[in-house]
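All chains are identified by letter, namely A, B, C and D, in their written order; residue positions are counted from 1 within each chain.
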Amino acid sequence: MSSTSIAVIGGGIAGVTTAFHLARRGAHVTLVDDGGSGQATAASAGIIAPWVSSSDGSYYEAYAAGGNFYPEFLSQLEELGIRELGYRRSGALMVSADAADLDAVEERITRRVQDAGPVAGTVERADERRVHELLPALAPGLTGLFVSGGGRVDGRLLRDATLTGALALGARHVPDSALGLERARTGWRIRTTAGNLDADAVVVAAGARVTALLEPLGVHVGISAQRGQLVHLGLRGVDTSPWPTVHPFAEHYLTPFDGGRIVVGATRESGSGFDPRVTAEGQLQVLRNALELAPGLATATVLEARAGIRPVADRGVPLIGRVPGADGLWMISGYGAGGLTMGPLFGDAVARDVLGEPAPDLAAFAVTSG
Amino acid sequence: MSSTSIAVIGGGIAGVTTAFHLARRGAHVTLVDDGGSGQATAASAGIIAPWVSSSDGSYYEAYAAGGNFYPEFLSQLEELGIRELGYRRSGALMVSADAADLDAVEERITRRVQDAGPVAGTVERADERRVHELLPALAPGLTGLFVSGGGRVDGRLLRDATLTGALALGARHVPDSALGLERARTGWRIRTTAGNLDADAVVVAAGARVTALLEPLGVHVGISAQRGQLVHLGLRGVDTSPWPTVHPFAEHYLTPFDGGRIVVGATRESGSGFDPRVTAEGQLQVLRNALELAPGLATATVLEARAGIRPVADRGVPLIGRVPGADGLWMISGYGAGGLTMGPLFGDAVARDVLGEPAPDLAAFAVTSG
Amino acid sequence: MSSTSIAVIGGGIAGVTTAFHLARRGAHVTLVDDGGSGQATAASAGIIAPWVSSSDGSYYEAYAAGGNFYPEFLSQLEELGIRELGYRRSGALMVSADAADLDAVEERITRRVQDAGPVAGTVERADERRVHELLPALAPGLTGLFVSGGGRVDGRLLRDATLTGALALGARHVPDSALGLERARTGWRIRTTAGNLDADAVVVAAGARVTALLEPLGVHVGISAQRGQLVHLGLRGVDTSPWPTVHPFAEHYLTPFDGGRIVVGATRESGSGFDPRVTAEGQLQVLRNALELAPGLATATVLEARAGIRPVADRGVPLIGRVPGADGLWMISGYGAGGLTMGPLFGDAVARDVLGEPAPDLAAFAVTSG
Amino acid sequence: MSSTSIAVIGGGIAGVTTAFHLARRGAHVTLVDDGGSGQATAASAGIIAPWVSSSDGSYYEAYAAGGNFYPEFLSQLEELGIRELGYRRSGALMVSADAADLDAVEERITRRVQDAGPVAGTVERADERRVHELLPALAPGLTGLFVSGGGRVDGRLLRDATLTGALALGARHVPDSALGLERARTGWRIRTTAGNLDADAVVVAAGARVTALLEPLGVHVGISAQRGQLVHLGLRGVDTSPWPTVHPFAEHYLTPFDGGRIVVGATRESGSGFDPRVTAEGQLQVLRNALELAPGLATATVLEARAGIRPVADRGVPLIGRVPGADGLWMISGYGAGGLTMGPLFGDAVARDVLGEPAPDLAAFAVTSG
């Protein structure tokens, strides 16, 4: 299928990895993305530690498989000479003021880490002193479970690095908005601001916007928009580079980056629509949670606030594969908060599927139209 | 004294009004200011309603006199053809969930408003329905006192308009930092980044920086730096232009501007030093107070956060007049949160004093060196 | 028709003035606009001086009529208590190094100014000394024609003030994107990100986006997108408030605002598409033209660059009125660089037409579908 | 000397590398820097290719030695687990429309590259086709000399990484301004906004601000401020990661980064003073030079403009070492445009000298007071 043309709509992690893997396999691929606001990847906190998540079932399996795939994916980029990936193996630290919380999950997490193998590292029960040593800004009275293989990644850097990789391998980038999708004589026509783009096959990797693109085709895939707000804090004169990500048995977390930058968040605002605003109550919630967890951040500088729109699937698992009743059309969406972890793996899977190459079994994630 | 040269250090409200009033009286005046960050005027919430404040004694007298002077000051600018002053007579609304709070102050505020005359307008007891009508975003269950003459002003616009007025009247502006102050052969020498500036007389209107400028001269005036943080919220599609400022018997408040912009704040961070940062705990405090007072702002957009450094006098009143033991040197500082209200009046008073013209009695505010 | 609902798509000057005039006449009006980038009004230089333009024919007549209407429009806003309009009667100065250029237009401009009446003020031939006095930063060797009634306005302030006025009069604002337009059972349905909005009548005031909204209806109105780039320069310590706008017999100009801000521009990039970017060659062109005209701006600070997308009509005149073959649908677009001048007048005209009230004869601007 | 305390004033490349090397050697080191604007490192274009420069004599020797030291310095950071250094061995391409320009320097550059050894790579004469292949956006008609070992580095990333390294090794960071320097009972006292900081020894690495810090001590070192302005351009959909830096036999250049970012500049504005503004004429010059050299950048987006203040030494060589007549005081400044290349090496040399360890011979760069 290498002489056919393939277009990918969307420049978040799902889109750029799909384009990258298509280009790696020699396909003629064009990525359409306008760099508009609201992209979940651009706002993401960048945690790559599926083993500590509370998810289970098919979602967890996909999440864990995504985490296992990371080292290979990062190597693929490094082999192209791309070094600015924004990834660090920081470790992930679950914490609670109640040791019973940790007791309840220790066995499950230990088993997950063992199943994952070296990528996940080891599990360590951390007493209060050790928790303080790992991240001194945390509240007193917390004990934890430390998973050494957890990682953190700068979503924007990784996205840009992946796009650089795709371009280096021959992909093309059209910096424009995909306004609509129509059947063309052969294949599909993407309507953009500047005109039209025809392709034999199209992969819709447009996050929560997938709904607006597919509904006019009569396809209802059950993806909705969920806003997440985060805040970036700056600690001056503190070496945050060895700090792990922190997970307090709740939906919020703390992700330290080098140079004193700590990302805290995130809200999960279901029903927000595609409205990537930073709101008063969202900021209040993020800051309140962050300072309760880490009072040592009280005097940190507020560097910036971000909002992204996650695509959440009604079915609770990502939706990946052919769009039913639409020959030559694929989609990849619905990751919720796990997109940065799962994106590279599923981008690869979709690329294989589009090209008719052997691909992982995606039956659990099959797209259906309600 | 019109052939002597006068320099004013500082471009906040105190500095620009001093320069303006000096220029109006025909003086040769040069304003030195680098537009650096931390200026209290640039971050101010812009309330001009001294009558509802909890202050008393000499501070209140100065505060009230400043409020009374506003109409005259605004007219002076308008007469020069300067129209963008950012002022609106919005009314000021004190609110409480406990009517006893209002009972306790109603008599005092009514007397103050009567003493002030037409500028302060009238006092109206507002029941819950009326409070809601005045500002629908407020929490239910509040009743209030509405003072119709309260005003709000955009500190940056008014500052720029005043500087425009000063320039129109012949003042000069040196956009540079005043690093130090030394006695010159006659008068004073101001050391700046780019060189030196000599003047026969100098007015130090440098806010909390006055301490760093005077201490090397052996003068200790007892002014310290207090950080104030605010947040600007945006309500889309709401006509906020008729909304009054809101005062909930606490140090925080809410100042609506046209076009859906509402300023909420502010912290009073004594001991902050001159460190104009937006911090995690500061933002948390501002947002928590704002949404408790006005839950209708929950989904408002966070437009920006600001931090300014107020000069606070140990003696509790502004310090205005000659610097003791330093012939030809004046200062004007120490307003605390009342600078925008008092600045124009005291800028005028200092200008008169410097020029040897009849000036108000400033004995209560006399500068002493500890 | 006052019980019918009317929606206006677009929040630039055409949209807000249409909504304002509809609301003034008691209509139920909803403005749909997402505040997205590229709006020509938000980037405009703000010159209100049609008499010095090189245009003629119907375009000039509309342009001049728009200028004549300004005082009335500003009064309508002021009567609502809205004072921050950003307008100043600055005068407009045509300049040339070749007096013959001025000779060639003096008669025409004098006649235009006389025809316009007091709003346009007087015409004065300015020698080199007078030109320098009016605006000292200009190149030596220029003489000019000064039209005292020229004005300048801050497009964003006027837009926001007009929206405030509309809201005060009962209009509603939906801050969302209009993605498409469909016939509904009665009237029209506007598809937005968050859902649908139905209205009995719709006025499309979406600038260059009108094409994308009408083409799916089979209507081809001949409006294309033209990018304009501008730069805002800052002169510190200079009172620019008395400076006139400057017009050097070319497409570029200089618009001074208070507080040392000078806007220079603008490019006329036909064929740009709706791509509101600030480009290297655009900035180079704007700065080269500006410093050739006004070398005194060389050391001015570059404060910001803006880009807006103007709607340009193939027919060379604005297109205003009913959309042919689409009952209940109006449009207002195609002003080119004259939108800020013509918007208020034509917004009023469309409002009258929609409501079935007596309206100016718009035959010269009638919309046709190619 | 390991129990003595050492303070470093300045957080540009000279300051952070001095602090890093001091910390590596076990010293108690405190870095004082307020992160203020104007830092040359923060604005630098990031070229690490001394061999193609037009400099000679002691300046060139220092420049080349700095380039040779880079691999070792980067390794020192990587050994600490710090990976985000922003460095790429991009190659450096000298170009000219006149082959005679290249003929005139080819021998010298070839010899320099051979002298430098593997770090500098190889020299290749590039015909027009090859020049186009290396960087397609360049003007036609250019031929070149390509030095494969040239590198580019993101000054901000490298600075932050070095500070992270210093902190990891025990250094302390005081985020405050150094306002003055006084002799203390033993050693020195640094006056800051928040108070005083005493140290046994002080290294002044404050760029062009060194003059203002040393003059009150009666030391006149002959360093002046030179502004450099740059522009960051963005090419969408172009893989710029393999592009070399470009040097057109002039003072301007072009530095490509990954992700479509190209830095062009820079002005050399002697006599600017410490005034880090982006000016109209500066931007015009940078853009004109850039588009003449690389017309393919015409439609690139202007992403941001930066201005930094370089310290330039009257003597034409960096000034490094003990400050005469001031026991316990060192300085490191005066690099001109070569600071990012020389900083790491001389930071190491000063650290050794302060600690009394064997250091390179710095006689050619000895500080004298005029």
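Note that a residue touches a chain if its C-beta (ideal position, glycine included) is under 8 Å from a C-beta of that chain, and two chains touch if they have at least 3 such contacts.
These numbers come from a predicted model, not from an experiment.
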(request) Name the chain whose C-alpha centroid is most distant from the C-alpha centroid of chain A. (result) B
(request) Could you please state the distance in Å, as a whole number, between where the Cα atoms of chain C are centred and where those of chain D are centred? (result) 47
(message) As a quick test, compute the distance in whole Å between the mean CA positions of chain B and chain C.
(response) 36
(request) Draw the chains as points, connect those that touch, then say whether the picture is a line, ring, star, complete or other. (result) complete
(request) Provide the residue numbers of chain C that touch chain D in the complex, in ascending order. (result) 231, 233, 277-281, 283-284, 287-288, 290-291, 297-302, 305
(request) Spell out the part of chain B that touches chain C in their complex, as residue ranges. (result) 35, 81-84, 86, 88, 160-161, 163-164, 167-168, 172-175, 236-239, 241-242, 258-259
(request) Over in the complex, which chain D residues touch chain B? Could you list them? (result) 179, 193-194, 212, 273-275
